[in-house]
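Structure first, then comments.
Chain IDs A, B, C, D and E follow the sequence of writing; residue 1 opens each chain.
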Amino acid sequence: AEDTIKIGVLHSLSGTMAISETTLKDTVLMMVDDINKKGGLLGKKVEAVVVDPASNWPLFAEKARELLEKEKVAAVFGCWTSVSRKSVLPVFEQLNGMLFYPVQYEGEESSRNVFYTGAAPNQQAIPAVDYLMSKDGGEVKRWVLAGTDYVYPRTTNKILEAYLKSKGVKPEDIMINYTPFGHSDWQTIVADIKKFGSAGKKTAVVSTINGDANVPFYKELANLGVKADQIPVVAFSVGEEELAGIDTKNLIGHLAAWNYFQSVKSPENDAFIKQWQSFIKNPKRVTNDPMEATYIGFKMWTQAVQQAGTTNVDAVRQALYGQKVKNLTGGVAVMNTNHHLSKPVFIGEIQGNGQFQTVWKTKDVIKADAWSPFIPESAKLTADWTYPWVCGNCTEPKFK
Amino acid sequence: MHSLSHLFLNPGDRRFWAGFTALGVLFLLLVPALNLLLPADSALHVPNYMVTLIGKYLCYAILAMAMNLVWGYCGVLSLGHGAFFALGGYAIGMYMMRSIGARGVYGNADLPDFMVFLNWKELPWYWLGFDHFWFAALMVMAIPGALAFVFGWLAFRSRINGVYLSIVTQAMTYALMLAFFRNEMGFGGNNGLTDFKDILGFDLSQDATKMGLYLLTTLVLGATFLLVRFVTASKLGRVMMAVRDAESRVRFLGYSVTGVKLFAFTLSAVLAGIAGALYVPQVGIINPSEFSPANSIEIAIWVAVGGRGTLLGPVLGAFAVNGAKTWLTGAAPELWLFALGALFILVTLALPKGLVGLWAGLRARVTEKSND
Amino acid sequence: MRAFHLILALAALLLATPSARADDDFSTALRALNADSYADKIAAAEALAALGEGRAAPILDALADGRLYVTPDGAILIEQAGTYLEPLSQKIVTTDKAEAITVNNRLRGVARGAAGRLALFSPNAQARGAAVEAIMNSPSDEAADMVRAALAKESDATIKALMVTALASLDLSSDNAGHRLAAVTQLADSSDPSVRSQIQRLLETETDLQVRKVAEKTLGSIEFRVTLMGFVANLFQGLSLGSVLLLAAIGLAVTFGVMGVINMAHGEMIMLGAYTTFAVQQGFRAFLPADLIDLYLVAALPAAFLVTALVGMGLERGIIRFLYGRPLETMLATWGISLVLQQVVRQIFGASNMEVANPSWMTGGWDLAGGFTLTYNRVVIILFCLAVLGGLAALLRWSSFGLHMRAVTQNRPMASAMGIPTGRVDAMTFGLGSGIAGIAGVALSQIGNVSPNLGQGYIVDSFMVVVFGGVGSLWGTLVGAVSLGVVNKFLEPYAGAMLGKILVLVFIILFIQKRPRGLFALKGRSVES
Amino acid sequence: MLMVENINLYYGASHALRGVSLKAETGKVTCVLGRNGVGKTSLMRAIMGLQTIKNGVVQWENKDITTLSAYERARTGIGFVPQGREIFARLTVRENLETGFAPLKRADRTIPAEIFDLFPVLADMLHRRGGDLSGGQQQQLAIARALVTRPRLLILDEPTEGIQPSIIKDIGRVIRLLAENKIAAFGQMAIVLVEQYFDFAKELADCYAVMDRGEVILAGDIANMVETDVRKHLTV
Amino acid sequence: MTDDTLMDQPHGPGIAAPGTILYVDSVTVSFDGFRALNELSLVIEPGELRTIIGPNGAGKTTMMDVITGKTRPDQGDVLFDGHVDLTKMTEDQIANLGIGRKFQKPTVFEHLTVFENLELALKCKRDTLSTLLFRLSGEQQHRIDQVLGTVGLKDKPRMLAGALSHGQKQWLEIGMLLMQDQRLLLLDEPVAGMTDAETEATAELILDLHKDPHHSLVVVEHDMEFVRALGARVTVLHEGSVLAEGSLDAVQANAKVVEVYLGR
């Protein structure tokens, strides 16, 4: 109807990604519900238009176009995998839409039409490695970089490799391994990791293993007796939601790095968890980092709309810069002009109850790098959508 | 039952041309006219996204016709046809990647972005030539065609048929999917090829370019229609059907079954490649998921839903299934799989000859009534 | 050396009754574990261990496992299966105020190391063995001295041998060339990859020619054994992967291999089996005593069989029976069924992964030589799948149901004319195939994720196995699955998981050129008719 | 006694059986004759329940079996030797024979030795797959398989097709003996025989029925048969 | 591929049997140890009509399988036209040499019409491209009509072959054989399931074909009257080898033949 503000929800509800993305769809719906209870936005009700791109990348583009052209939504909350984001990108740019992307990713992108509320590599990977090299982290000397073979792990590992080498790690102390999506037989690889770790130097695994492959990976770790105090595994794609599908009794102490943990105590987080569990009608449902990123993105958008007094994409975009939202874990997230956030980083150890226990956190928020300084070509680039730069990837400002 | 399908195998010329002309008018004139001439708020206006969407379906229709040629007429159930489609798509995608030139994010004129940030130093040899449209256009047909020819020659010569053939074709597309996933292959890994800017100098984000692609696709579908009709109405078409019925008996008549199948398979792969090449500029991305076995199975499903071994069936099937998908994923995002699944089950149970059979069945019933 | 004497003295104390003074020290050290910072906790743990009392070992173990709790008044408790034990008095305490003492990996490492060393003197032989291994994992001079002390007391021959090896490996870094020589000689029989890297490291710096020579020889013989064990490990992993493929495929060997239904919903039957396992597990957790939980898997087998067999029979009667003689249409219909089943499960259980825990008897493994671990769950699955296959083969071959099943699927009208109730046989056959897929789901839930997509992950492989083996041949399915598993696992170390998989597919494509009807194809006229 | 009354059968629009009636008494051999394509096989399949009829009644031993499915009919004691053999190609010869156990009580589940006297080649080939046999061997197997069920009504659709002369003679003899209840392993039988080979039929049959274009044109006792009338319907 | 190119193909070293159309020399075929053909030798001369009889399982069909390339012999030579080695060729190559076959169990293309079945059998170029561009000439149309009449399916050209009765399929197969107009015709039990009148008609048809010296025919049958009507030389196979050969009368008088085949 005329008197509603439509927003699009573009998360897969079927297919391989439904496992992760369904939760985010529900999170957006919860936020919409919440804002409508509080009287809506600009005096109008917010209406979520949910579609199912079914884990099918071209279908993402089709659905994005449908949301923007047919449904004329003011903003879209959606995508998980980078490829889905790449697939919708031209659509958002052509039609000047606005996408909030809530998942940690490889960086190397800054689109005028996308706001990235998940972590960039410097907000997750680098701090995690720093921690493991510290005394508390066990002074790791030898590294296994294991990932699913796609762009996020590849890029992250490339950044990490450059970073580790800059810290004096020798190439023979880095083992890199890629596996296909959904890889299920981890016997060989976990055995190799054990062997690699038996060289007498403290070894850790940095896992960018994604999605379905994680459960069998962790089960194999448990069964082959890879204990966290011998060879800790730190993961960037394993959160509370993933742990809910794994028996964590034998995984205690393995780590993850995120910008959010459910276990972090704060009034905001307690309220959020309560709200979520009652919305989803399941007192045991967990929360996770991409949910927080969705939450922050949604809040920022509503604040920006209120500030701009309109849902016009260009106006809202301007209003978004510098927008602040309290993190669920304390501190304040800020939207930067590179369309990425400043957020705190947490490192947590897996507990027997499927939660993470924070063992380290940043003192302050860290600003996301859209372009990694550890990739030579990328190091030259700047993303800044405000005057005088006004671009996502420039070597010099557009206006002088 | 059999005689019904038969009507459609050799449709009366008048009926064929009537249908062909009707489809031509619909897609070639009506859709563009309703898009361009009517004001946006008119009830009959066809919005831009709809044009793109229909353009996509038209590509699927070409693909389905290609599939039908081998499966419907020749009895070779390829569960790897998505591979040929994807290869055609990659070929044109490579051209479009090259034509980005220095406009990529890293401003590197020699390398596509995905190579730059993964530290490639130079363009791999197999990317050479893709700077030129005509080379790419040739490859769109040559690569799927050559793969189909070599693969088919090996398989048909060894007399792999039935499910064995289906499964090796599935293995083929699965292997290709995994291979294209590998970043070392130099095709952009999981993300594939994206960020296309233009094709032959036409800006892909322009509506006019989209309309042009749409019209081109329609013309190609028309040409495919005529070609498939020519082949299936020929004696070779009947030999193909004979191969479908009793392969070994055909040999005793002196026909080379290998030759017949190879012809159908290769021609079909070329058509699939062309469909892929038309598809990619319209959807803006090509990545390894197009190689996934499930995609290839779906192609077979469009054909089955529409009506296997008929000329029109695959087109109907591609439109019906994908149309239903588009509509339902928006209208009932949580329940659409029920609807789609039920559609497949119902079509099989109630319409063994597919949607085309429904039409033919109605006709037959009407004639029967009037005869009584 | 001072530490050595201290520890020796402390070790000697172990058997004596603790004095009151020691009790005080002990409880102070114990309470210190509840410190604020990890650094303080580490210090406390080290202090506690330094008291050298055997009773500290279970406390440190509990700390490492996250089972050490503290009450608001600072009392430290050990949690055991829901109850709390006061470590000093050894009394059971009930409280709901206790909170777990947080640990991080470093503290965990320290606690486990310390507990391990204390356990060297444990009365339990197994604990002593584990302690020696723990020490080998974090070698130090003090540790070597402790092992030497423990060795003097050790009576168990195997543990003695273990200790000697451990000592030798510790001695490798001794300053004394003689010790090093003795150590490398001693270690010639080892097949432990960590010993290998120790010797490799020794060789990097070793200057004594004699030691070098022996070390090189030792290294050679260790290398040989490690390579050999690597081969055995590959073989086992291949078998294990093969058994997974086989399990996934057996049901399909019935519905597709025997009945000719191109059953795209096969994967969803596996999935239903896995969800049934989950449901049974939740039932056990909710309604049965906690110590029965390990048995849930046993109960899940018949439950999963029943559920999936019933679903299968329903599908056969409702849909598939109308499609006999139209095998390609069965593909379309079962594809539809698979979409529906996935969505049904998504609606009921949600889209995310369900947690299915391994029972304790399927967790962990035997550490064999050469860094090769024989994991229990894999062994169980290998045996289980052979049993299922054997049972099915016997049923098909020797029961009249098996005969009817084969007759019906080969020529339905004629079978009917022979008096065989084809409808019932069809339903039961499809039910059997589905039921087997269901129990495969029980097993597969033990190694992979349980999600609505579970089935999709197995369907391509299953068809590949059945077809590669030769449609209609159970024996072929077995050999096909195992050979694909083994080929895959032997390729993987060289080619990587990704390329390995691609190569296996290429292998299948090429192999079928040679045998266009699969590995165990039927030959002769009977095939054509 | 088998009574087929006024049945009509259609293949789509084509009317294959037009009001056909047929009688076959126990203890007698009833022979159905007719040119190619007149509907003999269709009639046999209709009796067996393998082809649905539009209307009419099939009665066996005074029970209406029209609505029974094929396997239920088999269980009322009807054995069937189809045209084209229809051997279970991938079952062994023994297993093919054992499919005949289905309608039998557990105690009766044996293969009568008489079968191997009649078709000795089957005894040599028990473990060969049915589909691998030669045409004639398969035909012998088909007859044997039907006999395993100890039928009281035996339907034979061109059972001698492709069989060597000596065995045809044997089969003739056996059919006679079976009808006359002279083989111990089997009880009294009604036999319906479809045959093209006129002399063979004439020699064996007690009753006959001649079909043409989906109808029974002539029928009666063989004794009263006018051979020229019959032959007229057997030539084109 | 034309006949000429195939004729020029190389064949086994030094083997040649001039003046024969079919030369089968000590061919053995075994299945899992069972010898279906046991050093079978047989020679057919150009223009000859030969009948072959023998017990069920004697190897008659297997022999035809070997000649037409369906089964590869374990050993032995099979030469066509005196010099073309058939054992190395595929079924379609052999068919293109000029060997046609009617199967024991009628096999027609069930989803094609009677007319189309005959059209496919029509003698003409069989390579893929020619087939694609093929147009039925008036003469060919006429030929098909003629054969339709011969096999009694004149009123059924548009019927799907799958809907034919057993006997009608037999006739259609014979029709297809006629359409091919091959030099060597192999007929496996052509009159099985035919009425006596039809059997006679078939015999006439075969004798008619035999009149043309271009045709050589090998007929397998169990119907002795039919065999007599053909009046040709008879070969008796037994357990994979030739048991007897000669005129029908001579063969029928052979005690061994009576014992294993004809019966008393």
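The criterion applied here is as follows: contacts are C-beta pairs under 8 Å (C-beta built on N, C-alpha and C of every residue); 3 or more make two chains touch, one makes a residue touch a chain.
This is a predicted model, so every value here is computed, not measured.
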Most centrally placed chain, judged by C-alpha centres: B
Most distant chain from subunit D, judged by the mean position of its C-alpha atoms: A
CA centroid of subunit C to CA centroid of subunit E, Å: 64
Distance from subunit E to subunit D - Cα centre to Cα centre, in angstrom: 30
CA centroid of subunit A to CA centroid of subunit D, Å: 75
CA centroid of subunit C to CA centroid of subunit D, Å: 61
Multi-partner residues of subunit A (each touching 2 or more other chains): 13-14, 149, 180
Residues of subunit B touching at least two other chains: 3, 178, 181-182, 248, 334, 337
Of all residues in subunit D, the ones touching two or more other chains: 132
Residues on subunit C engaged by subunit B in the complex (per definition of touch): 262, 264, 319, 322-323, 326, 328-333, 335-340, 342-343, 347, 456, 460, 463-464, 467-468, 471, 498-499, 501-502, 505-506, 508-509, 512-514, 516-518, 528
Partner subunit E, residues of subunit D touching it in the complex: 11, 14, 35-37, 41, 83-84, 121, 128, 132-137, 139-140, 158, 161-170, 196-199, 231, 234-236
Complex interface listing, subunit B residues touching subunit A: 47-49, 52-53, 56, 105-108, 114, 116-119, 178, 181-183, 189-192, 194-196, 204-205, 283-285, 287, 289-290, 325-326, 329-330, 333-334, 336-337
Residue ranges of subunit E in contact with subunit B within the complex: 68, 70, 90-92, 95-96, 100-101, 103, 107-113, 116, 119-121, 126-128, 131-134, 136, 160, 162-163, 176, 180
Subunit E-facing residues of subunit B, complex: 2-3, 6, 231, 234-236, 238-239, 241-242, 244-246, 248-257, 259-260, 262-263
